[in-house]
Amino acid sequence: MIIDNLKKLQNLFNNGIEHSNSEGSDGIGQVFEKKVDRRSSLKALVGGALATTALTGTSCSDNKWQEYFKGNYKLMTDDERLATIERLTKMYSQRTGNKINLSDKKAIPGTLFGYAFNVSKCQGYGDCISACVEENNQDRDTQMQYIRIHEMDKKNGINFEMADDTFSHEVPAEGHFYIGTQCFHCENPPCVKVCPVEATWQEEDGIVVIDYDWCVGCRYCLAACPYDGRRFNWKQPNVPEEEVNKEQHYLGNRLRKKGVMEKCTFCVQRSRNGKNPACVEACPTGARTFGNILDPNSEIRYILENKKVFRLKEDLGTEPKFWYYMD
Amino acid sequence: MEFLKISASLFKDSFKFITTGRTAYHVWMTCLTAIMLIGTWAYYVQIDQGLIVTGMSDNVGWGLYISNFTFLVGVAAAAVMLVLPTYILKDVDFANAVLIGEGVAVAALIMCMAFVTVDMGGPANLWHMVPGIGTLNWPNSMLSWDVIVLLGYLALNITIPAYILYSRYQGKKANKAVYIPGVILSVFWAVGIHMVTAFLYQGLMARPFWNNALLGPRFLASAFAAGPALIIIILGLIRRWTKYDITEKTIGKISLVVTVAAQVNLIMLISELFKEFYFPTHHSISAQYLFFGLEGHNALVPWIWTGILLNVVATLILTVKQWRGRFLNIACIMLFAGIWVEKGFGLIVPGFIPGQWGKIVEYTPSIIEIAITIAIWALGAFVFTILARVGIGIELGHIKLKK
Amino acid sequence: MKTWIYSIVIVVVVLVAGSMLSSIIMKNQHGGHHGVFEKIEHTAFNDSVDVSSVKHLASLDTVSVDIDGRHFAIPERTGEITSFKCSECHNEPLADLKAIQPKIGEKSHWNIQLKHASDEVMNCASCHGNENMDELHSITNQKISFNESYKLCAQCHQMEYKDWVGGAHGKRIGGWAKPVVKNTCVNCHNPHEPGFPHKQPSRINTRMMEQRAKK
């Protein structure tokens, strides 16, 4: 708390006048609203800092303790869920002065999400990777990406060992094709089976999710996933404040911390509102399709019933809900 | 009340006993403490910055910590190799050694728990595993089984010797009816802890290097080779440094156990090599990486071949009776080191290489990881020294209840 | 004697128990694999799923389409064309314009390049050669509104068209929920230059490149 205020002080001296974009609910905004010179701003800042610490200092650490001792999200009552959402929203605005829209929307009854990827259409642009990183607030320092695009040589066919997922040349490259992978949200997920604390589970709409605050960071799920779907926060994730996506879901793209696992959530903050995941939305060639596989009239069902679909590592029995097909 | 008074007296006397000794002893304990302090600082760095200070990555999710954990569970399980003949087969020759064996088990288990804790991304969240206040994913997660069996085994290996020493401290004989059932249980439990640890890896169909039926039995064989080998070395040191009576016969019998286990381990290694390389499939690619390297990545090749060579030579020495007599100690050291490589990072790291899509990212432990690892071994040595000194002290009558 | 009797009884009991156990196990096997498709078959679909794409469509003007029993909407086109109606400038059909000026298109619409099949089979008149420049025309000389330009594409690209109607080709607008609104052909493919461009990848992961590098 105090360190934050000292940092603000330093910023003010370095950058001159600063306008906070908080709603002013905790007093900081009011301090910064008027244009001031350095001397009086110092007075105002110190006064504001003291006031803020007095007002919010205790509740700040209270929130932290309550957050630490809360239980597994799966077992929380609706009141407990609301309480943790409130705490997280408050802590975020205390830390940054900005508001987030943190949802805990449950699965829509009658939905089971599936995904289809058209191998003929992918050009290797990687717009999906970019959109995913921005939508889901992934650590920029370690360049965490949920999605991998594998460039394959037509001579070798679908051969992942010989594929290259770190290409940096113009795409699509001559004689090559592209296949994307991410978490496949298996119906029989091995990651869920091995988690010692049930921090990861499959929701009713088929999305495999993680309770970031419950994960102990043992990385057993990382070992168990056959599809390179899971990512670990080896350090405290860093997302520049102006790039943080403020539309968040508790089980989706809310900000994580070091030592916990994360992964693609089929953009649960979007899909439970009827929107497509960011990758589907971003793909300019329409290579990605998403929808409710229970709906017999959906695009995804049409693909499953009419195109020659296949899944990866079918023999492992994981029943992934991510199908590939070609034109 | 009586129990509390006697226990308090036991702790006081033991504390006095272990804080005195010759210079060599003090130097030993001081060095260990220094190493542990360095490790503590290294662990602080890891807690502060996160596991990024290690050499692990999303590709190789487990490294030096879990490798050592895997190896040490085996060492802990091997104490049963002395417990079984002593209490059940009533072989008097093992009687003196069994206390040392149980001390090794406790120290090894403490090391195991330390390695798991330092490997965790969120150690402050470990209470999430406690049923009731947390959620333990039992019976699905093999890790949940592992936590239960390791804690149970630790409890058994602390309470049974504690009871026996508690009686001896008072100059009484320990009541067989009290400890024999626990002893019988611990024999089965020892096999259990190591099979369960093996099942952690054996059950992962995403990692074909581990997903084979032989992993569990192989763990048992290498455990019963490495564990008693360590015990032989320690017993030799105890013979040298204390008046505790360990007969040549005892060591001879333990060395037979080590020999047979080492031979079975080699047979299993041959079986594994055959399965991987007779008709290599896509599933053999991790073994290819480990033994021969892949696409220029060959960091583990010198390690594994040295480890196997150590194993083979040690087994050979142990097999030939005259050599077993003459070169026992060096054979045990070689065997211990060889199995540490072959079952430690020679097993864990190649399971992750290549990754699920065939990508190769190698693993090199960082200085922080190495410092913490050495510190935990120092912790084990420290704990064992204390336990051994107290146990031997009570057995030899140096520590006894004053009436 | 007694030992023999006991031994035989034990063996018989074990064999009987074994066969009973096996028959219980065999009777309880209900088919092999439980996959996603079985789950779909056994899960009731609730058509009144309470999520809609309407709020994600903003103020998009759409046109209804009904093909082979599939109902959906596509973005309205004629209102989006700048300088529509063409007939406000062009009084004569394309054929006549071309007669006057052989290299028509070079002066106005100078920025349109035709890179769509070879000019042996396609040129401007293939789609725009109508008497009325406000409409397109099919191979059979039927008038096709700009709003229904997909019908022209379907003349040659039947496979893509069928896939598009079903949902295996193309892209949804506004999300996965109903009502279904999707891009029509020209929303993704410039009809004059339908190919997708070559470009640099959006994001390059330098850290992954370092990790994978050979030592």
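Note that the chains take the letters A, B and C in the order they are written out, and that residue 1 is the start of every chain.
The rule is simple: a contact is a pair of C-beta atoms (placed from the backbone, for glycine too) under 8 Å apart; a residue touches a chain by one contact, two chains touch by 3 or more.
The model shown is predicted, which means the values in this text are computed figures rather than measured ones.
Interface comparison, B-C versus A-C: the higher number of contacting C-beta pairs is recorded for A-C. Most remote chain with respect to chain B, judged by CA-atom centres, is C. If you average the CA atoms of chain A and of chain B, the two centres end up 40 Å from each other. Centre to centre, using the average C-alpha position, chain B and chain C are separated by 58 Å. Between the Cα centres of chain A and chain C there is a gap of 27 Å. The multi-chain contact residues of chain A, meaning those touching 2 or more other chains, are 142, 165, 317. Looking at chain C, residues 212 sit in touch with two or more other chains.
Multi-chain contact residues of chain B (touching two or more other chains): 57, 359. Residues of chain A touching chain B in their complex: 68, 71-72, 74-75, 142, 148, 150, 160-163, 165, 181, 190, 193-199, 214-220, 222-228, 230-236, 258-261, 316-317.
Listing the residues of chain B that touch chain C in their complex gives 57, 59, 295-297, 299, 359-362. Residues 211-212, 214-215 of chain C touch chain B in their complex.
Of all residues in chain C, those touching chain A in their complex are 33-36, 39-40, 43-47, 49-53, 55-56, 70, 159-160, 163, 166-172, 174-177, 180, 183, 188, 196, 198-209, 212.
Residues of chain A that touch chain C in their complex: 108-112, 114, 116, 118, 123-127, 129-130, 133, 142-143, 145, 149, 165-172, 187, 270-276, 280, 283-286, 289-300, 302-303, 306-307, 317, 319, 321, 325, 327.
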